[in-house]
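Per-chain numbering from 1; labels A, B, C and D assigned in written order.
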Amino acid sequence: MKKTLFLSFIALLCVQLSHAAKVDTALTYSAAMKKNIKAVVITPDSYSQAQSMPVVYLLHGAGDAFSGWIKKVPALQQYADDYQTIIVCPDGNVTSWYFDSPIDPEWKYETYVATELVNWIDKNYKTIKDRKGRAITGLSMGGHGALYLSFKHQDVFGAAGSMSGGVDITPFPLNWNIAKRLGDYDKNMQRWKDNTIVNMTWMLVPNRLALIIDCGKDDFFYNVNMKLHETLQYSNIPHDFIIRPGVHNWDYWSNAIKYQLMYFNGFFTKKG
Amino acid sequence: MKKTLFLSFIALLCVQLSHAAKVDTALTYSAAMKKNIKAVVITPDSYSQAQSMPVVYLLHGAGDAFSGWIKKVPALQQYADDYQTIIVCPDGNVTSWYFDSPIDPEWKYETYVATELVNWIDKNYKTIKDRKGRAITGLSMGGHGALYLSFKHQDVFGAAGSMSGGVDITPFPLNWNIAKRLGDYDKNMQRWKDNTIVNMTWMLVPNRLALIIDCGKDDFFYNVNMKLHETLQYSNIPHDFIIRPGVHNWDYWSNAIKYQLMYFNGFFTKKG
Amino acid sequence: MKKTLFLSFIALLCVQLSHAAKVDTALTYSAAMKKNIKAVVITPDSYSQAQSMPVVYLLHGAGDAFSGWIKKVPALQQYADDYQTIIVCPDGNVTSWYFDSPIDPEWKYETYVATELVNWIDKNYKTIKDRKGRAITGLSMGGHGALYLSFKHQDVFGAAGSMSGGVDITPFPLNWNIAKRLGDYDKNMQRWKDNTIVNMTWMLVPNRLALIIDCGKDDFFYNVNMKLHETLQYSNIPHDFIIRPGVHNWDYWSNAIKYQLMYFNGFFTKKG
Amino acid sequence: MKKTLFLSFIALLCVQLSHAAKVDTALTYSAAMKKNIKAVVITPDSYSQAQSMPVVYLLHGAGDAFSGWIKKVPALQQYADDYQTIIVCPDGNVTSWYFDSPIDPEWKYETYVATELVNWIDKNYKTIKDRKGRAITGLSMGGHGALYLSFKHQDVFGAAGSMSGGVDITPFPLNWNIAKRLGDYDKNMQRWKDNTIVNMTWMLVPNRLALIIDCGKDDFFYNVNMKLHETLQYSNIPHDFIIRPGVHNWDYWSNAIKYQLMYFNGFFTKKG
């Protein structure tokens, strides 16, 4: 009997070791917007034994929701295990662009993701409550969002990434509801220019924010990513920059996320 | 005798078939400016039998008038026949730049051409009363004008072109009376920047407005056209772009117009 | 009754006028290769009344044959009528690249197309027997071929074009059987370099050969066409250069050929 | 007692699961050079249970030896475990450049690594004996070597990488003993040009060899890597290209190798 018990224990242990990440749908609250907002939280197998873990915030693209990433890339659970990292997928309300809209007080997704959600996660999970334990990345609209939030909240995030990011919004003022967040382009040009990533690199100093930026060679955002790369080089801001074969689709992103998470793991585990 | 009669008839028919476009000088009215304005209207040979026809609006350059195009390029009649298309040459009052001047209420050529004239033509001719049946192009000042009016009136025009267009006016603030329309450059820089084509591409989304842009390699507007091309590429706006031998003269334009009209014919006749 | 007869005659005449181009499959002979080779010859409606007509030689791409163009673009008949031009579609034997192969004496397609076929056509059709009455163009492999034959035979051809041309073969030494014509790249680099269009522009002087070159923005030959354009500009060789939306397919070519034929018509009809 | 036994077993199991890669120093033989040559072979924890495994060949830089990689990056053992991949570090005899020297018959390192060593490994280890199961990469001289061997032996290697590779040797004719392998530059220019990676991309066709190339922004090989990237883009050869902060040192390579191995794992595990 005892033998059976121990063998069961071993079996259980092995199962847990090989694939035990947990996917929660958390109900978070935004005081700024006075509403509940869902988020996916992936905790790795080793979470129960851990004291504190780093967190990667992973943003979706325009038209998608908090559940998009885990539906399209279930391997995120494996990656959470591999890197002993919590992965949080916030909801960006289809096309919030992760802005605090200056024209519509009901849209405060900068405050929500960079402050409220981070606080909520830190309160409810065993996280490293420091910028050295937080990274943020995303795809397309979420690539712009991740850089935007990290540039403006460098005290919160220590590393940031972008996959196929719409890192310059000014060429696309009629697309993806950006104008509903910032106001019409023609009447608010300065605001658009102030809130597009390619113009916000002045906020950076070398080696404070760890950056990884990638784009597919045949993506319609290739040119804006090349411009961001050149702007960062001009300003001597260190960053990993990757050009791969590929277009604006999940084949690309399900591959890209692996490299982004490896990069963040390097950031989380580096000494000094 | 009868035979002779019939043969004469055939001969007449053949003549008519090969060259029967009609050139009218129409007297149109601008309510905005409270004055009559002349326009050339070329109707093709087949007009009398037709139910409705597409219209190409063809703008003149600085220093010229509504009659400039037909005087310099009488072959427009042949092209009207070839493509079964009405060609309308508006008057741009020497140097209106086709603006509604914000400083001089007597200059409302945007309103006149894009609204009043189009309505007048639609009322007095058998036209396709839809953006799918209207294109606008022009040379030099008229190239800027055609793009300007089409960008701002995409509900009116479905296709637009520019030949040797002055597609960025900001490098030329002392030329061609532009300052009389927009105010002096040094005191009105923002207005100039808001009303120069290279800065107005944000108004476009891919594949809504069909675009054909050309310029001579040795034209003084070559650089601004290259900049426009690059800006459109950066924003992923599809467009035909042509660089030819040539300078800023009628040799260039009498050739260029043939390709522009062929392009518009492709737009008018495409399915779907 | 007579009246009826004449009216019928008129009706017939009109029909004939609108679409009477004739498509022949001609059996030509190559003395150099000692074999018969087929070609499509399109004669326009007005051919029977004409004394002599210009000819456009239209080359197919790799993998295709003499019949490819007329099958995919039957509107060639209409264009032959419109421009009163004979169109000849030679056979390039799938992947001859229109070379006289220096390693395989059975492949002499430069001699065949530029000399034997031209002579055969001049003998059997009412052609303008002069470079001023001959143009040559083609797509992909045929774009390279048309420029290649025209550069080397400027006494034969007065105008040349390329649509999506593979105008630099050196980046593609393992593709499309080029190595079977020129020998393996690594052992015959100098020969490849001597026979790739981007390196052959030294053969040109300004304004001798009329040139029109186009490519789709998303074509895999876009870069080589940009290089050719830059090389020609560097050498001050006048040429029409067109970048359009599009990729390497018949949607692109069935549109591009219209502009190429209009260009050649301009060449054939210009005075002086 | 029984309990103790089982707990020991569990402890043992955990240890084995977490870090059991084995590092061998293998003594291989080169028939071409008639000598024994050492190599490091890292087999992952799961090797004993496996039927066959993919192999990554990992080349050292100039001045180093087969043992360099494992000494500087002991984490290779962990990576071998993570990706269930054998890692083989050949010896490149300080400055062989992995050439079969045309001037010195005692240097046949192309034959040794790409043929003899691969055969030896396939015979002595449970490998996937196919290009789909073999990748090759290296740093500096080894980056050039890995691309060189993979370009010339595409039947052997299915994927290749380069880290800070000296991918164009022609600007450095007096460095690192290259002249001892190829002969003096001034007297053997053609040979140098034929054996430098930037000139060897003609050997590639799209999507046959999977490629990942990286370089540090402040590396003295940055410019040659940019040139390689541009050459590959000109030839439409898909490849991952990464620019990172960093110089020519082990900080860079100990990071870069992680991404290279992840890339090769993607290659080894992709379907179809």
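Just a few scattered comments:
The working rule: a residue touches a chain if its C-beta (ideal position, glycine included) is under 8 Å from a C-beta of that chain, and two chains touch if they have at least 3 such contacts.
Each chain and its UniProt protein: A, B, C, D = Esterase family protein.
What you are looking at is a predicted structure, and each value in this text was computed from that prediction instead of being measured.
Counted as hops between touching chains, the shortest connection from chain B to chain D is 2. The set of chains touching chain A and also touching chain D is empty.
Comparing the chain pairs A-B and B-C, the larger number of C-beta pairs in contact belongs to B-C. Averaged C-alpha coordinates give centres for chain A and chain C that are 53 Å from one another. Chain A and chain B have centres, each the mean of its CA atoms, that are 48 Å apart. Distance between chain B and chain C, defined via averaged C-alpha coordinates, is recorded as 33 Å. Looking at chain B, residues 233 sit in touch with two or more other chains. By the touch rule above, chain B contacts chain A in their complex via residues 194, 201-205, 231, 233-236. In the complex of the two chains, the chain C residues touching chain D come out as 170-175, 185-186, 189, 220, 223-224, 227. Considering their complex, residues 2-3, 6, 9-10, 13, 17, 82, 217, 229, 233, 238-245, 255, 258-259, 262, 266 of chain B touch chain C.
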